[in-house]
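Down below are the structures I want you to see.
Next come two complexes, and both contain chain A; in the first it sits with chain B, in the second with chain C.
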Partner chain A sequence: MSRIPRDYLINRLVTLVLTVLIAATLIWIIPRLSPVDPAEIALGRMAAGAGAVENAGEILETLRAQMGIDQPLIVQYFKYIKGVLLFDFGLSTAAFPTPVSALIANALPWTLGLMLISLIITFIIGNLLGALMVWEKTPRLWKVAIPAAMVFTSIPPILSGLLLMWIFAATLGWFPLTGAYGLTVEPGWSWDFATSVLHHGFLPALSIVVVTFGFWALGMRGLMISVQGEDYTTLAKAKGLKPRYILYKYMIRNAILPQITAFALKIGLLIAGQVLVERIFAYNGMGKLLYDAILDQDFPVIQGVSYVIILMTALSVFIVDLIYPFIDPRVRHEVA
Partner chain B sequence: MAETLQTPTRAEKRQARRLRRFDNPWLNPKLIWGVALLLGILLLGLIGRMLWNLDLVFTGSATLKLPPVGFENLRKQEGVWDFPLGTDGSGRDMLALIIIGAPNSLFVGLLASLIGMSTGIVLGFTAGFVGGRTDDVIRVLSDVMITIPPLLILVVFQASFGDVSLTMMALLIAGFVWQSPTRLIRAQVLSMKQSGYVQMARLSGASTGHIMFREMMPNLVPYLFGSFIANVTTSIVTAVGLEVLGLGPQRIPTLGRTIYEAINAGALIQNLWWWWGIPTLLLAVMFVGLLLINLGLDEVSNPRLRKLS
Partner chain C sequence: MLDDTETVLTLTDLCIEFPTPRGLVQAVKDLNLSIARGRRVGFIGESGSGKTTTALSVMQMLAKPGRVSGGQIDLGGTDVLAQGEEEMRRLRLSRVAYIPQGAMNSLNPIMRIEPQLWDAILAHEPGVSRPDLKARSDAALVSVGLPVHAGRLYPHELSGGMKQRVCIALGIILTPELIIADEPTSALDVVTQRQVMQTLKEIQEKIGSGLILIGHDMGLMAQSVDELAVLKDGELVEHGSVAQIITAPEHPYTRDLISSVPVVGGASFLNPERRAEAPKRDSSEPLLRFEGVSKVYGDVTALRPLSFTLEGEVPQIISIVGQSGSGKSTMGSIMLGFNPPTTGRVLFEGQDLATMSAAASLDFRKNVQAVFQDPYACFNPFYRVNHALKFPFKRFGLSEGEAHTQKAMEEACVAVGLDPDLVLTRYPHQLSGGQRQRLIVARALMLSPKLLIADEPVSMVDASLRATILANIYDLKDKHGISILYITHDLATAYHVSDYVMVLYKGQVVEAGPPKSVIGDPQHPYTQLLIASIPWPDLNRPWGEGGAEDPGVQEAPTIHRGDVAGFDLVKG
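After this line comes the complex of A and B, so read on.
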C-alpha cells in the first residue's frame, strides 16, 4: 500500500479534469444561450451614469471587440478555457476595471477560513455524539438528547443562521449582525483585528455547526453499530479493558475512517450552504461576492466565483479519494 | 412448552406485538411522523386555498408590518384577526403568502426529484445491464456531475435568463439530482446480476424486462425511496438557496423569496420576526419531515438499525 496504482490515479485524474472542464463549459454556454447582450448591459450602465451616450452604435462595437464577443464562438470558447486555466476571468463589469481574479483572491481566504473552522468543529462534535449514541455506557439523558438534537440535521444552515442572527445579534446584541470584521478596525496582524474577526465569525460558524454535526453523527452511529458487533470489540471487553479505552481506541478508531469518504460526497452541499450563510451575514467571502455580482448583473464575477467553488469541490473530492487508502489501510485503491 | 407459560417479559411482549402486526417495518413511528408533517403542509395549502382569501397576497392589501395576533410591533400596533399571521413590509398577508408558497416549495422538490429518479432508473439499469462502452460513459458522467454543486450552475443560468417558472426551476434542478440514483441502481444491478435468483430467472428464459422490473426492482424499492427523499431535500435546499439569492420565480410567492425580501428590508433589525420567521419555520418543518421519512426508510432497508430503537 505504499503507492497509488497508476490506473487508479489516471482514472481519478480524468474524472477531475472532466468535472472542471464540463463545469467551465456549462458556465460559458449558459449565458450565451440567453438573449441578453453583455455589451448592451455595459452601455446601459454608461448611459445610466452619464445621462445619455452619443454615438452608441460605435461604442457598442468597441465594447463587443473589447469583450471579444465579436469573434467566432469557437475562438471565444478556447480563449475562455485558456483564461480559466490561468484563473483569468476578465474584468469585473460592476467594479470596472478590477480583475475578477483579484476580487476572488480577496474573498477566498474568508470563505476557506470559515469553512475549515466550522468543518473541524462539526467533525469532532458530530463523530463524538454519534459514537455516544451507540456506546452502552452513555448516560441515559444523553441517549435521549442526542437524537433530539439530530432534528437540526435536515435544516439548511441559512435557516439556522437567520434564527441565531435574530436571537444573538438583533435581540441580545451579543454579536455583530453582519460583516467579517468591525468597520473601525484596520485589517492587519493586530490583536484588535483578530478578536474582531473571531467575534464576527462566531455566529456564521455556529449556524453551520448546529446543522451539520448531525450528518456526521448519523453516519457515525451506523458505523458504530457494525463495529459494536465485531469480534475484536467483544475480545477487548473480555480482556477487561476500560470501557472508555475501548470506545476511543477500538470502536471510534475503526468507525471514524469511512466517515472521511462521506465527506467527499457532502462537500458540494456544504460549500453551497456556506455561500448562502455568507450572503445573509454579509460575510466578506465568496457568498457575498456572488450575491453582489447577481445584483449588479456582473457576469464575469458570477462565472469566476461559480468556477472557483466548483474547482474547490472537485479538488477536495480528488484529494480525499487519493489519500483515503493511506489513512485506512483496509481499503485498497480499486481499479474501476 | 413450560417456558412459554411463564409470564412474558417486556421484550417478549413487544415481540409478540410486532408479530401481530406482521412486523411491518413500513409502520415505524419515524416514517409515520415524517409523512404526517409533509401531509400537514400539503393540507395547509389545499384547505387554505378553499377557506382563505388569496387575493391578500397582492402588495398593499393590508397595513404594512402588522404583527401576528396577540403580539405588538414596534409601532405599538396589535395583530388583528383579519391577518392572523401578520403582514409583511409591503402589506401582504403572511397566511395567504404561506398558503401559496409552502406547497410551491414542496412541488419543486417532488417534481425535480421525480424526474431525477426516473432518469436515474433508466440510466442505472442501462449501465448495469448493457455494460461496455455505454456503462463507461454513464459511469464517468455521473461521477463527474455528482461533484458539481447544482446551486452554482443554476445561479449562472438564472442570472442570465432572469425570471423562471416553478416548473422550469424544477426541471433545471432535476438536471443535478439524477446522479446518485443512477450510481445506486447501477451498483445494485451489478451485484444482483450475480445473485442466484436472477441467474435462475435467466435460465428459465425470463425476458430482460421481466428480470429488471419483476425480479430486481422489488428489492431496490427501499433504496429508491431513500434516494428519492434525499433528492427532494437537495432540490428544495437548492430552490430555496436560489430564491434567497434573489433568483428563482419572481412573480409567484415562494418561501425563499419571502425570506430574501425580509432580509433585504432589514426585518431582523426591525424585529419583524414573523416576516422571515414563519417561512423559516415552515421550511424547517418540511426538512424535519423529510429527514424523519429518510430515517424511517433506513430502518426498513437496514434491519440492524431497527433492533436498537
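After this line comes the complex of A and C, so read on.
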C-alpha cells in the first residue's frame, strides 16, 4: 500500500473547497431570484396570528434588519459565506427566531442514523442479491425469487411504508406507529433510549430497504455479467478454485468497484432524507425539516439543508477519491 | 506413427453441440484423437473450427449452452464425462491445465501475482503452509524466466509477455499430465512470442506432460509441435506428424492453410500489375510531412525526432514495423492528429495539424482515414452496418441523395469482396471479425481519402483471411490511388505490400529502405533479430534460440538502404 502523495491530497482538497464554495454561492443566488420577500411572509404570519398588525412598515423594516436583507447584496453575500463556513445560516423565518443551525443539529442525527444504516443494509443486501442473480451456482429457487422481489422496487416508498405500518404496527402491534423514540423515555445515553430508537427505526428502515435494494441489485447484476465474461473468471475456473471463492474473490470483488463510487454519491443525497418516509412515520429528520421549510418558504432553512447535502456529497466523493487506489490497485493517486 | 508409450488423452467419437434458437449447431463432429505423454499436438484451424471447444470439453468448461452430445473423453484413465462437479474441479489444473488466449486479462486485476498462484495450490492441496507456498510460487516464476519479485506485483504492472509467462507458471505449478495452451502468444510480438514459446516448450519437456497448442498460425505450429490436427467446421480433416503435414499435406484445406501464410521472399499474394493514378490533388504541397516530430511521455521517449516527406504524387505504401512499445502506434496517432507531438510539426498538404482551421480540419478528417487493429471495437453495436457506412459519407457532404449513398455503399462492399445484400443490414455482432475489418476498409474507401493509416489491420483476424484483407488494402493504393501508412509487427506482410519500410526500435528508425533490402537482407542487428523471430512453416529453417536483443542494438546507427521516389526520410 502506497501512501497518499501530498500533491494529490492538496489537489483534492482545493477541488473540495472550490466545489463547496461554488455550490454555496448558487444556493445563495437562487432564492434571491425569487420575487418573494421573506420579511413580508413573516409579517403575514404575525398578522394571521394576531388578527391585525399596526405600523406594518416599521415592523417590516425591523424584520428586514434582523434578517439582514436590508443591506447591499455584496455585503449580504460575504456575510453569508462567512456564516456558512462557521455553519451559521441565520435564523429560520418560519420558526423565527430559532437559528437554522440548531434546527439542523436536531434533525441531522436522526437522518444520519436512520438513512446511513438503511443505506448500508441496502447496499449489502442489494449487491449480494444482484451477484446471486448472475452466479451459476445459485439455487434455482433464488434465481426466480430475486427478480420477483424486485416488484417492491416499483412501489413508491409511501405505499410500502403505509403497508408495513398497517401490517406490523397497526395489526400485529410489533412496532410503534410513529415517532423516533417513545414518549415515555428520556433522550440520553441510556439502554432504554437506545432500544426505543431501534424499535422505532425498524419499520422506516425496512420500508427504505425494501424499495431501494433493487437499485443496487440491478446495477450489480449488470456488472457481474461483464465480470463473468472476463478471462480471469474463466481462468479461475480452470484453476479448479472452489465456486464460492471465485464468487467472492474474483467476481464480486471486481464487480463491486463502480458500486462503491455510487455509494459515495448516495451518501450525500441521503441527507435529504426519504422525505415521504420521514413524513409518514413522523420521523424528525432532515427530510421532514426540508419538506416543512419548502412549504413555509423558509429560505434560510432550505439554504442550510442544501448546504449540508452538498457538503456531505463533496466530502464522501473526496473520501472515495482517497481510498479508491487502495481498493483498486490499477487506479493511482495522480493529479489529473 | 505415434510412440504410444502412455496416452494422456483419448477422444473417442467426440460430438459437441450448441442448441441455438435457429436449431442445433454441431460444433465438433465425431472427433477421434489421442495424445501421448510428452507429445506436443497442434490444433489448427480457423475461428469457429471447433479447436477451442474441443479443448474446453476436456475440462468440462464448455460455454453454456454447449454440451457433449456423444463420445468419450479419457484423461489418463479417467472418464471425464462421468465426473461430478466437485471431482471435475479437482481435476482442473492438477491434471489438466489451461493456458488462456487472453493472457492480457486472464489475471485478477485486484490481486497480486503470488496470491493468484497460491489460491490455485490451496484449492487442490489445502493446508500448505505459507513458506511452502512462497517457495513453490517462487520456483514456478523462476522456471518461466520471471524474477521472484514479479510475484509481488499486480497484473497491470507486468508487460503482455510477462503476464503470459505468469499464466504458464500457473499452468505447470501442479505438474499436470496435459497442458492446453489456447493461442498463448497471439497477443505478443514476434520477438516475445519466440521467447515465450521456448519457455513453454522447455517446461513442458521438463515435466513431461502432453501439450495441446491451439492456433491458426501454420508457421508457429511448424516450429512448436510434434503432431498437427487440422480442424475444419468441427471435423478433424487431417492428423499426422508435423513434417508429414507441412511437406505433404493431403487435404486441400491444409494446403490452403499452409499457402496462406505470407513468407518473406515467397511468392506474392498480390497482383502488382495494375497501377492507378494518384487522385487529382489541388495542392502542390507534399501530402504528409513530419518535421522533427518527437513524443515524450513523462520519462519515456516514445518517438525520437523524426523528419520525412511523403509526396503523394504516386500512391505508395510506407510500412512502419517494430515490436510493441517501439513507438509505431504513437506515430500513427500523431499522424491522425489525435496526439500532439512534443516537438516538431506534422504538415498535411502544407498545413500544420496543430494550427488548422475548423474547415481545414474537417477536410483533413475526410482525406485521412484509419483502419485499426480491433475490428470488434470499431463499430457502434447499437446501429446496423449500413448506418456506420452511411454516416461519415453524409457527414462529409459526399452524398447526392439516398440512392447515391446506397450505390456508394454497395460499390465499396463489392470492392472489398463482400456481398452488400448480406452484410449491410446486419448488426456488427452478427458479422465475423474478418467481415468487420473489411467493412472498415470499405468505409474508408467510400470517402475517397488521400491517405490511409492502417494500424495492425490484420493482427486480430485469422491467418487465412489476412491475405484477403491485405489484398483489399493493397487495392486501395492500386485501384484507387490512395497512399497508405501500414503500421505492423508482421514483417512478412510488410515485405509484400510496401514500397518503403522503416524499422522502428524504441522510438528510433534503425533501418529504412525498400523492403527487398530491409526485410529480404537485413543489416541492422535489430532487424535481423525481428526476422529471425518469425516462425516459418518450413522445418528446414529452425526457429533458433529465443534470445533477447543484445544490448548493443540500440547504439548501432541507423542504416539507410536506399531511397524510393516520392518518399524522403531525412537522414541523421
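One rule holds for everything that comes next: the second predicted complex is superposed on the first by the 270 of 336 C-alpha atoms of A that agree within 3 Å, B and C clash if a C-alpha of one lies under 4 Å from a C-alpha of the other, contacts with A are read in each partner's own complex, and residues count from 1 in each chain.
We take it that a contact is a pair of C-beta atoms (placed from the backbone, for glycine too) under 8 Å apart; a residue touches a chain by one contact, two chains touch by 3 or more.
These numbers were taken from a predicted model, which means no experiment stands behind them.
Once the two complexes are overlaid on the shared chain, A:19 sits against chain B while remaining clear of chain C. Shared-chain residue A:108: touches no atom of chain B or chain C.
When both complexes are overlaid on chain A, the residue A:166 reaches chain B alone and has no touch with chain C. For chain A, the partner with contacts to more residues, out of chain B and chain C, is B. Touch criterion met: A:268 reaches chain B, while chain C stays clear of it.
By the document's definition of touching, of the two partners only chain C reaches A:232; chain B does not.
Judged by the touch definition given at the top, the superposed model places A:121 against neither chain B nor chain C. Residue ranges of chain A in contact with chain C, taken from their complex: 230-232, 234-243, 245, 249-250, 253-254, 327-330.
On chain C, the positions that touch chain A within their shared complex are 59, 61, 89-94, 97-98, 100-102, 104-111, 119-120, 123-124, 154, 156, 167, 170.
For chain A in complex with chain B, the residues that touch the partner chain are 14-15, 18-19, 22-23, 26-27, 30-31, 33-34, 36, 134, 150-151, 153-156, 158-159, 162-163, 165-166, 169-171, 177, 222, 225-226, 265, 268-269, 271-273, 275-276, 279-280, 290-291, 294-295, 297, 299, 302-303, 305-306, 309-310, 313-314, 317, 336. Contacts from chain B toward chain A in the complex involve residues 139-140, 143-153, 155-157, 159-162, 233-234, 237-238, 240-241, 244-247, 259, 263, 268-269, 271, 273, 276-277, 280, 283-284, 287-288, 290-291, 302, 304-305, 308.
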